[in-house]
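Read through the structure below, which is laid out as structure tokens, and then see the notes.
Labels for the chains are A, B and C, by order of writing; each one numbers its residues from 1.
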């Protein structure tokens, strides 16, 4: 009768006693050490409530830890990790079932036992495949984004060693037992043939079995004890992090500046200014480097990387956490351990947050550090000038507010003044669309399209100010609030049903961050969404099928942050364009490099600008002549990049509105 | 060290400059006032001195539109006293009038150092610093880009023509005309300015404006078009071609 | 008060500044018959500097403490001289020297003051001043009051040759005053950073201003300068940011240049800069603002973006050189 014999071949009674006591001791040590590390998060970090919507949070844990969907976005490392992780889930479950079976409720008898053995054995194979992939990757392939140091090598050695060891133990037992149902443990039985074949005497096999058995559980105990300091800590921290992560990633809505009990702002000058969740992010990171690979600034040749940001924060916590928790002064982090240039280089595009399999929030951390740098006045000159101009003139160009609506002057039909008449759509134009001469041509075009569609729309004329999205992400929270106040005041005096804007940055902040009183709960649309509606309802007729081969660049704040991918594509299809996707499209689109206030800063040394990288990606697509954009800053950045890369004549940048205009005439 | 910084406002050139119907001055309703850039440097230099060597900084500003923002920003940088001089400033005030406004406060406060911007592009009758120095009979050094205090004196770096600079020593009390602070004016986050608005008070001083010493303008006009440049037409290629021809004709290419 | 014109000579390290000749040229133009042009020269062993001054008389004050410019001493001496001579007009340079003195004298003697003056011309019995203001965007014109008036002059209104004379003027030595109580002393000069190129002796200058926006764009400009065989120089905002050393500064507190061609890229044309380039044979201006004041000074101009134009011009220039 096939059944599982507890502690088969192990000397009784001291064998099980030894095993249980040592393993349990090791487990306790592990849990205590994990708790000690975890306690630093809330002892050092700021409090923050993240218990809302527990079911949605649990669902994130399922997606991240069990389905491992983000990991699987990249085939090789995805499969590699999936096999390793699931093998261990199965082994863990197997051990748990064996313990229950041995002490509480016997069920591993007969067919259930045979299935149990088969599954476990097959997963050993699965594991070995994963282990092989991992070894190849870490020792031969050596991709640049990984941290190739001994810490990770040891983790791999441990987990592989334990599985091999377990397999060996099983093979020795099977070589002795030689049961009829041996084929239900195919891998173990296959290995057992080796021992049977070499004719090792049974007594020797027993000794080997016991020896490797003890080695096995000692190794497991060693793993338990060392786990809290090893890279395998992520077994605990990733599910935790997945549970407590922001439910919208990347977050289109940044948290307000926190205040202490004296109503003073709390800045992230040191670890103490970070929340416990941000510190948990540090301990969650497995240094996989996917964030770094997705980062446009890193690709441009900078040394700044989202991975380094998190790793340095984590290192600071490990180095200073205990001292800070016991009351010592916390050393300054921003600008010291984490360089200012790293903090200012971020475009807040959210690609890192989008790729991270552990749901770590990188951009939120950058903004928190920037808020502190700004509060200290540690801002480079060009950015200072832009912020001063935004504060004084409401735009970063340093041009008069009175010139904001100059672009409307050449229009034969005047654009309605939403401050004076009620309109259905209030068009929030944005700085670049109004002031930059390259873009204002397209703005006029858009206005003409709206007029042609018989849309009832108006603009705020001189009452409009920069919406503040990038001001906020540059860390100038006070200026952001000031701009919101001014815009809210202007909007408050108008009568309108919906807001539309061509600028994804304005779109993001108006939709996600402006207080409800400011926009009165009215829907905010991007012009792509509106134009699509106008086309599908035949208010705007597209008479021509253009037939051009185009590619479309998803703006960070429209696509990744707000999930608007389909509308622009449907528009292009309606215009009869053949859309060829760039390799990095949709949520993986490469940022043009202008966001987060970067367009107001000095570029710094760069091997290849993100915008240049992107236009080359577009130009490499066969037969594609047009790069379509849906953001004024993209238009400016990519047109410049075409000049600097010498792609003039090969690729042309057009705004969605320009395409629609061509198709509508 | 006690430092006083009298500042002034100039028309913001970002806005269109509209000449009044009278033809001899700017239309006062169209002017958007802005803190004089050199005065911003003077405030910064004063704060730098306070941070390094201790003392107090008081900023005196005439009551033009935007004076509160400018004073609170100075307060957020670290100025101790913020003073607003109220008088009838319609259309502006000449430099002599401003100097006379500042004078009684300076005589009253007896500072060690008066720092003020060395020039303002809307001034037509000299710079405030040298006028004040004359009224006070204090030494004056203008075009200063570095200040270090000593014992009852200061060392200053003064600009001379041709990129030359020199180190001068002046006995205190003195007036310095600041061209540039040692480091560019720092950034003050709006949140700090708002905080200062709650905690700092702006003192108000009333005064009468005496514009004597300035010179009356009979006409204010845009610059002559007669000597305007010949503008080159065409796109980048065409203009570049024309320039090459011009440069060859001049013998430099 | 007579109709005499008193001019304060500016000399730095044994050289008479060009502005002095400009002022003398102005004085020559204004002086009516019977009026004297008097130049006040202050220095130490500097009498020889009076040789080519186009003045009727030079009053010379000699004292070791006056070897270098001293604002306090100059102001006192000038004030004394004005009180004694009672001239109609007192001319000083609108410079780092003259502007230190003019206001002090105006306040002390309660004389009206006109600064930043470009030219003064006679109109009937009146003397009319013309001054650029607001960064050159406006021009102010007015009648000088009928009393001793102090005026600081900007360069560029006259050709310096008109202020030079072949005949040395009569020099009258003045008694130096008691100078122990001076509260200002010049300790030492600091040479501008040692630089390879002296921009004042270059025939073709490629100048950059605020319009260049970022430091990286300097590469494009340097490339253009190399292609044209010229030298890069800059206005104050660029030098203040340390994008170029102060030895490349052209302007009121920088160098005055007289190249054959001055190519001004992204420069608005504020007076502090323009006064230092008026001696150029030809100025070509590139600025996207069609009403930038530089276009009033330049012979040729374009509103194209300098970043678009520079690389194309560089290429064409290189092609020409190859031929």
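Convention: contacts are C-beta pairs under 8 Å (C-beta built on N, C-alpha and C of every residue); 3 or more make two chains touch, one makes a residue touch a chain.
Only a predicted model underlies this, so the values are computations on that prediction, with no experimental measurement involved.
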item: Result of counting contacting C-beta pairs for B-C and A-C, higher pair; value: B-C
item: From subunit A, the most remote chain by mean C-alpha position; value: C
item: Euclidean distance of C-alpha centroids - subunit A vs subunit B, Å; value: 49
item: Centroid distance [mean C-alpha coordinates] between subunit C and subunit A, Å; value: 60
item: Distance between the centres, which are taken as Cα means, of subunit C and subunit B, whole angstrom; value: 20
item: Per-residue overlap in subunit B, given as positions that touch at least 2 other chains; value: 184
item: Shared interface positions of subunit C, touching two or more other chains; value: 308
item: Numbers and ranges of subunit A residues touching at least 2 other chains; value: 381
item: Residues of subunit C defined as touching subunit A within the complex; value: 214-216, 241, 308
item: Of subunit C, residues touching subunit B in the complex; value: 12-13, 17, 68-69, 71-72, 75, 95-97, 99-108, 110, 112-116, 129, 131-145, 149, 152, 183-192, 203-204, 228-230, 240, 246-247, 249, 252-256, 260-261, 270-271, 281-285, 293, 295-304, 308-309, 312-313, 315-317, 320-321
item: In the complex with subunit A, residue positions of subunit B that touch it; value: 14-16, 32, 34, 184, 186-194
item: Touching residues (chain side subunit A, partner subunit C) in the complex; value: 381-382, 602-603, 643
item: Residue ranges of subunit A touching subunit B (in the complex, touch as defined); value: 257, 265, 374-375, 377, 379, 381, 383-384, 387-388, 391-393, 398-400, 402, 476-479, 481-482
